[in-house]
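Please go over the structures that come below.
Common to both upcoming complexes is chain A, partnered first by chain B, then by chain C.
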Partner chain A sequence: MTLSSASYQQEKGRLVPVMKDILARPSGRIGLTLVFLHILLALLSPSIAPYDYKLQNSALMLSPPSTEHWLGADHLGRDILSRTLMGGREALLVTGIATPLAVMWGGFIGILFGLVGGRVDEVLMRVVDAFLSLPWILKMLVLIVTFGTGIGVLIPTLTFFYGIPVIRVARAATHDIIARDFVWAAKARGHSRISIIWRELLPNVLDTLMVEGAMRWSWMLLAFSSLSFLGFGVSPPTPDWGLMISDARGFMSFAPWGVIAPVIGLSTLIIGINLSADALAKALGIDRAQKAPM
Partner chain B sequence: MPQPAFIEIKNLSVGYTSRSDKSILVLRDVNLSITRGDSVGLVGESGSGKSTLALAAMGYFKRGLHVISGQIHFDGIDMLNIERNALQRLRGGRLALIPQNSGQSLTPNLRIGQQITEALRLHSNIPATDFHAGVIDLLSQVRLPDPVGLTDRYPHELSGGQQQRVAIAMALASNPEALLLDEPTTGLDVTTQAHIMELLRDLAKDRNLAMLYVSHDLGAIARVCNKVMVLYAGETVLTGSANQVLLSPRHPYAHGLLASIPRLNEASLPQALDGRPPMPSETITGCAFADRCKLADQTCRSSPPPLDHLESGETVRCFHHYQIGQLNRKPQKSAKSNPIATCKNSALSLSNLSVSYSQPGLFSKLFRSQDIPPSTVERITIDIKKGETLGLVGESGSGKSTILKTIAGMVPAQSGNIILNQTEPLDTMVEKRPAAYLRQVQIIFQNPDDSLNPRHTVAQILAQPLRLYYGLSGTPLRDRSIAILEQVRLGEHYLERLPSQLSGGEKQRVAIARAFAADPEIILCDEVTSALDVSVQAAVLDLLDALKRQDGTTYIFVSHDLAVVKAISDRVAVLYQGRICEIGPVAAVYSAPFHPYTDALIGAVLEPDPDVAPRLTADDVVELSPPKTGCQFQRRCPRKLGSICEINIPPAQEVAPGHIIHCHIPQGDL
Partner chain C sequence: MLFMLIRRVLLGGVTVCIVSLIIFSGVEMLPGDACTQFLGEYQADDELLAQCRKDLDLNRPAIDRFAEWTQGAVSGDLGLAADGKTKISTIVGDRLKNSLLLAFCAMSLGIPLALLLGVISGLWRDRLPDIIASTLAIFAMTIPEFVSATLLILVLSIWLGWLPGIVLTSAAAPSSEFFPEILLPVIVLSFVMCAHIMRMVRSSVIDVMASDYIQMATLKGVPYWQMVFRHALPNALLPAINVVALTIAWLLGGVVVIEVVFNYPGLGRLMIDSISDRNLPVVQSIALIVASIYVCVNLAADLLTMIANPKLRTMYMRKQ
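Showing the complex of A and B:
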């Protein structure tokens, strides 16, 4: 207790110690390395991929890994290594934009609900609950079927649906703070609601939102890949892990490399994000497991 | 022949390893021995290591702490090299702990009977068939009313004082030979505290216990302990009998600590002990107290003083203990020497204010199936003059904080008016008040940890009112912030700090600075010193008094501590269940004639003087809601007249000019 509060740094200079703390943990080191590698690959893969991702070669159809094609070829004879390397680009782009947007709108609405409180909050939270009770895939498919696929639809759809659970988290975090005297003091001085949200509540909810955002990111990646898997995400021939798994699924019994490669790509990214989120939560001191006695 | 020590701690040093792999000491070379029949009081400011030492007597150390050297023996048993099972049997068995917050140490979903039965099953030899009788016996030993009915209740159904009694009963279940008490009455009301102290005193005597009593409250220590040990920065600085330490302390720190306690028989502000204790991580070359000591010289700063054993049996860690007479106990200045209430204009006037928290539901509104419960606060009529300090005093639930929140516009008044500066009545909700009025009323809260945003630097905290009310920014904002910080005796270098980098006293200064930044007419102080150490409390009171003198601000000062209210206030209102019992000038309220409740409160105050015993007149029952008719104090009043007290609202009797007592007892008999 004394240890952590004594080493507490100022808000401005908080980024550096938090980063140091994350990197001091094995989970943070491994997680951030994985995420960083994936982002790097997404940026550089068009130039380092050994083959053209859409080049079909019927002679290579479902061929096993070889010295020329390290991870083999898929059912159209396309190089799996090249496609796997590039398979995260779309997913990272879409979720990279949608996650911060989802955290922002969900966080703002959640803090507002928490601040307003009372009956308005009760009623609106039941609406949120109703939304959360529907299976996510159903909700998304309805929107995508109505408005069509493509990034222009996927980003708003993911932003909308993944912001809803953030409302819940932000509201709960706000409730922890709203009863504290500094919020009362701000109200008594006569500050406006926006000023109270911006100056008093947000800085205290931000930590929780950051961790929540990191967790939401990995969920969103899974959702995006699932949509691609079902054929509602990225359209062929664009390489995408979800789509690749879907395509190679039928040949899994005799050509498993077609599934294994994109699965490794997707799972390392998600594990990386989850490990980083875990380390971030611990570095910010909001990891609940740590507080359990003995 | 002296008895052998029952609990013996020898040369104990306890520490933790910091992140930078430095070994940091929390306790340094402490010796303590307690024989049976002794009760030793452990005194010190927060962070002095007193709780660590008490828990060490049980062989327990908080996570991260480890013994660096020393020995701990309990009745000859080596507590540091003991088998786990044997230690478990000892703890809660022969050696029992009564923790600070018993409400939290009782299991919420177990009935009182079940909890005590468990203690009996684990730690006593009585047969299972006798458990029920045993539980009832224990509950009556701690003087709880209706012990049979109590066994079926849950902890949340009991008041704080009753919970503490149950915790004591649980500790007694094993028939312990030693009791460790860690601030057992902190947070309880004065009357409850006094009753528990008497209970502990009797238990220790009857059972010939060895007791170790940790408290920052010297009044409680004076009542229960026969020996006292003072810790400072993890070191023993003074030990001796309760009389020696509390009446003629031989160490400058103990001397300063005692001088900083406000007392009922003094009309002035207590003397502040400046500075703060060193952090455990700081390296101390000489005496740890040298920086705050008026007797300190070059020797004190360069070499650590040894623990001297005096002929009187005391031990003192000071080079200059023979010069202690040079420190005068008289305060340098007296607050009451120049009363300020010269201005006759009213700053704030409350007329017939009442507040109710209960909101009748639709059903009861329609069918009137339930009676409307009595208001939490009722009939509050007070006129506060400019520059005056009004003290509001009463136990928890007396409605004192509610009145402050109503004035601030955070709790709506049910009826009555709040009039600022003799203008039109203020709207009851803060959102509807004009900005000019908002600036004039500011609040300082009890706990600065809670009232300062942990993510804001001091500069940002002070900027809030300055921006809002004066539209300052840039250099003028910074200059004004520095000026305000200097007023509360903090320097410019505090601007960039976060609340977590400040000590408790510094945080409260920042909170005070924030209130004064608005340049208000009235400041509402809600228990502003009760979260602070006594020495810090004295400094904060001193600061509040100085600022008032400078700016002519009006204070409404809420506290449960009668001595603090007496020290700072010009006029006092005593509240019970949201109604005024007595109001008048300080000197008049604190002397006869008394309202029976004021009498009970003043009687229950524990003075840091072993020779003064409290007078316990009223029971320590906690009432949850005020009675529907008649006098608010009827159910606890030791001088109740009869049915008149239950039916009629007591009349306001002006016993002296400005001194009003609300009671049915005729003026001459009060």
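Showing the complex of A and C:
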């Protein structure tokens, strides 16, 4: 991970050029459009959904697409179009809150320990390693099974576990700039640690953290929908793509539309986030391909 | 060099120790214990709970039980499951064997394919083979595993009827009986892992091909394919070792979703079932096994990289 020399001196008002750079790339244009549409859909879907998402109608059970129900109905006779339109709300809400929180706490701890260094840092890294060596699903499920599903448990759980890898990234990025002259100068001027972190380190680590955050968002969304799929995410009858796929899977041989609609919803959102993250990384000059995938 | 090796191995050992501590204290801190869970349905009164805790030896201080647990784990005895009768090592043993089988099949299909595709798309950057492979890789990496698995079942199993879409073999069956049911999960897993490794190999091939020594070789008139195979690839494939290791660790411990989708009796499904049943002794054991595998595989990758990379090798030698 190398920081370009331009980013050492942060100029003000970089937002506009970076946005322009992102939008100049096809991946950025497609990605941001998808993400924007999904956020818009999540906000508007309660008012544009043609039917009530929890209205059951036994006469319509597993019925194929028709003029009244464009995407057919699921195994409880609920309108699939309405449920698909609303299926991303919970996922976007939970990950939209948990991602920034995770990047913030992980980033702060990572920068702090990168600055402090020494024995404390060494011990912390071993603990981080230990946490990373456990499969994510095990860590989360143990907490979720104990404390219940619901947003109140999912947000803190995701925030905590997705902040841990961020510690590593933030620490490595801090190490890259810690020996620079301006950090030494600030130390020599007698600035406090908080001031050094806030005014010298954070502005230079921010690019890395933003790319990391965009990537974490898509991984968190994957985790969230996998949890829903396994039955540990949102609770029925809340519409959620993961849960809908899991429900419709059993009837896939004669009612495939029940699977295909939520699959398209979930895939377009995740691909959109990934393309945006790619474009952001390129616009900020951070090579994403060099990162470990998991 | 030797010092470095020993240091790495020791650090790996320390990590496993911390993992076991985290697992044990995590489970201790959760509300309820094996007895409240076990007796929960009977509205257990205090007397019954006390009796149960005495039977299961839960009254001793946590530190004693931790010492006993770790000692047992080192010697291969993982203790008893929450029902107090079944030995964990027998439950976990079959599942671990099945998970290893699945991982082995996925690796032998996925890794060679990933290396081949990575090299091809790195050498023909931004041409048709690269565009096709890279686009597919983005799909494989971003779409959740349960989505690609479900779609593959829909197409290959339901619509075309080529492969069985679900595993019905029991956990204790010999490995040979898992064919052909295992093929579809293997295809999904190799598809996902292939994407990660391929992207890494591609970017490293591009880097190496643009480097000075390759240009030098070109200018000196080294034939193209000789240059690729003798000069470029040995260097380009080095960074792939770590990604391959991470993927192997993921295959051995994290394929819960795939195992659930295909009903495959591996470690991942045992993990989910044990967590749902609050069978915490089994959860602890699985966590320890999976974490140890992760640490070992990563350690092996680090050591392999060190040994295979002349720069690193001589750097440590010179330091000594």
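We take it that the second predicted complex is superposed on the first by the 277 of 294 C-alpha atoms of A that agree within 3 Å, B and C clash if a C-alpha of one lies under 4 Å from a C-alpha of the other, contacts with A are read in each partner's own complex, and residues count from 1 in each chain.
FYI, a contact is a pair of C-beta atoms (placed from the backbone, for glycine too) under 8 Å apart; a residue touches a chain by one contact, two chains touch by 3 or more.
This structure is a prediction, so every number in the text was calculated from the model and none was measured.
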{"item": "Partner chain(s) touched by A:198 [first = chain B, second = chain C, both, neither]", "value": "neither"}
{"item": "First, second, both or neither for A:36, with chain B first and chain C second", "value": "neither"}
{"item": "Touch count on chain A, higher of chain B and chain C", "value": "C"}
{"item": "First (chain B), second (chain C), both or neither touched by A:187", "value": "first"}
{"item": "Sites on chain B touched by chain A in the complex", "value": "16, 18-19, 64, 279-281, 408-410, 430-431, 433, 435, 438, 441-443, 445-447, 450-457, 460, 464-465, 468-469, 496-498, 500-501, 514, 518"}
{"item": "Residue ranges of chain A touching chain C (in the complex, touch as defined)", "value": "126-127, 129-138, 141-142, 145-146, 218, 222, 225-226, 229-230, 242, 245-246, 249, 252-253, 256, 259, 263, 266-267, 270-271, 274-275, 287, 289-290, 292-294"}
{"item": "Footprint of chain B on chain A - complex, ascending", "value": "2-3, 5-8, 10-11, 180-182, 184-191, 199-200, 203-204"}
{"item": "Interfacial residue positions of chain C with respect to chain A in the complex", "value": "11, 14-16, 18-19, 22-23, 26-27, 30-32, 138-139, 141-147, 150-151, 153-154, 158, 196, 199-200, 202-203, 242-243, 246-247, 249-250, 253-254, 256-257, 260-261, 268, 271-272, 275-276, 278, 283, 286-287, 290-291, 294-295"}
